[in-house]
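Structures incoming, each one as structure tokens.
Look at the two complexes coming up: chain A is in both, with chain B in one and chain C in the other.
Coming up: the complex of A and B.
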């Protein structure tokens, strides 16, 4: 693990480094979420009553807040992934900072929109 | 003369140590370091040219890779700032602010980037140093250098290697400086084989290990832009690959 701490260094004035860090954090988060999702879906096997109770829990404001974080993670990872693909092909290299901030703002706006729709 | 009071908080080999210093208001971090060294001669750091040409005085100033010689104290505010100084990361530590550059230099030697070039090879408008040429009469030039030479842009200061978040977690990674040097040679091969140069960096711990944090280009004091070189070489390598149709023998 030596040196991994360098991945999570908060350099607010550097879009490139923030993008790098957010990409890792959201990536790890999405992998954790995938297994959580599968484990929770397992409730379906325990009959309709258990599932209804589970759905009720999922409607609590705290879970909806967690859903918003998830939505932001998906959007940020996806949009930054597109940015990295373009950069990896040598496209728009001069605008990498602007591309990061655009994907960040777009992810925030879409998350806010999603939150309004969910709540 | 206006003076400022600053505290240098220096990462010594095994502890932090503070030095309170009084310096002219227009002094640089390197001046402060030298003032600290006059108080404490055991302090280890490297410096040479004092004008961002030699790349010796690269350190981490408040967590950011910078050349101490071109970082003004005025940048840190007027009210007795505390400035944190640490050695560069991702290099073997010798002591205090001094790191071992030998492995890095050995690696760079593999790419064999010419560090000096004849101005005759370059378009005049791009390289204003050529305007200096008439100042030195031809006879005054040392015999070893028949033409005026210009240093290549990379000053081998290692700031990019310290700023890159990948080098710390993959010690076999070629790193931004070496990859930028390969890119520079590939752009102007002077008789060397471009596919051979690209082959040297086309592997898991070479071009493809970069994950695009772009910190190397941000901290570079010489405008080398290693991230741009890396991504451009990737693009070039992809263009050299046979298409799936060609590989399957379909015309």
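Coming up: the complex of A and C.
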């Protein structure tokens, strides 16, 4: 387990440390987004007019840009989570850096594909 | 918490994470790729949630994502080396937040389905 001081040891040469930090940062971001999302869904209680107006706002370019950040966060957290699971079970320990950078590249590619497919 | 307890929570987090990949995948595709213009209007949301299988999937998704999120928050805060009483208070708080979140979601869905 990494102590709090290691949170601030930002080393680009270490895929493991970068993966650890990115996993936690994307995790915190996704928790914040989860509660924001649930709060915004409260618009559904106001009825069809309020919700449909809200949906129109959500189709603006700025929200779509935010969607791409969200999609990247989800993909990076998920792929990196799978990597950490493998490492946690003692698998592919020698390949952890390669797995991290593969996850990162795959998340970037899938984000680009996902955004293009969505619009 | 002893080492065995921490290991069990880690395993639970892994299982929830794998479930989440599937459930979030379904949610994302249904809400953004299958919906016309990328998002559902009110009538479409209501019709979508009135399907029993979808309703069960969405509520399961809410339970799984809430548990995974709050276990993640717990892991991050536990790394700060909390004393036992503070850790117990944190656990109780996270349980309350989790229960509130799930009840809020179920109540919201119930209202939409029965409107």
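Just so it is clear, the second predicted complex is superposed on the first by the 110 of 119 C-alpha atoms of A that agree within 3 Å, B and C clash if a C-alpha of one lies under 4 Å from a C-alpha of the other, contacts with A are read in each partner's own complex, and residues count from 1 in each chain.
The definition used in the following text is that a contact is a pair of C-beta atoms (placed from the backbone, for glycine too) under 8 Å apart; a residue touches a chain by one contact, two chains touch by 3 or more.
Just so you know, these numbers come straight off a predicted model, no measurement behind them.
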Inset, instruction - Go through the superposed model and pick first if A:19 touches only chain B, second if only chain C, both, or neither. - result: first
Inset, instruction - Could you look at A:118 and tell me whether it touches chain B, chain C, both or neither (first, second, both, neither)? - result: second
Inset, instruction - Check the residue A:85 against both partner chains and state whether it touches chain B (first), chain C (second), both, or neither. - result: second
Legend entry - First (chain B), second (chain C), both or neither touched by A:27: second
Inset, instruction - Have a look at where A:48 lands relative to chain B and chain C in the superposition and call it first, second, both or neither. - result: second
Inset, instruction - Applying the touch criterion given at the start, work out whether A:93 contacts chain B, chain C, both or neither, answering first, second, both or neither. - result: first
Legend entry - First, second, both or neither for A:36, with chain B first and chain C second: neither
Inset, instruction - Mind telling me which of the two, chain B or chain C, contacts the most residues of chain A? - result: C
Legend entry - Common interface positions of chain A, toward chain B and toward chain C: 2-4, 88
Legend entry - chain A-facing residues of chain B, complex: 63-64, 89-90, 165, 167-171, 211-215, 217-218, 227-228, 231-232, 234-236, 238
Inset, instruction - In the complex, go through chain A and note every residue touching chain C. - result: 1-4, 24, 27-28, 30-31, 34-35, 38, 41-42, 44-45, 47-48, 51-52, 55, 58-59, 74, 78, 81-82, 85, 88, 117-119
Inset, instruction - Enumerate the contact residues on chain A facing chain B in the complex. - result: 2-7, 9, 11, 14-17, 19-20, 23, 84, 87-90, 93, 96-97
Inset, instruction - Name, in rising order, each residue of chain C that touches chain A in their complex. - result: 10, 14, 17-18, 20-21, 24, 28, 32-33, 37-43, 45, 65-66, 69, 72-73, 76, 79-81, 101, 104-105, 108, 111-112
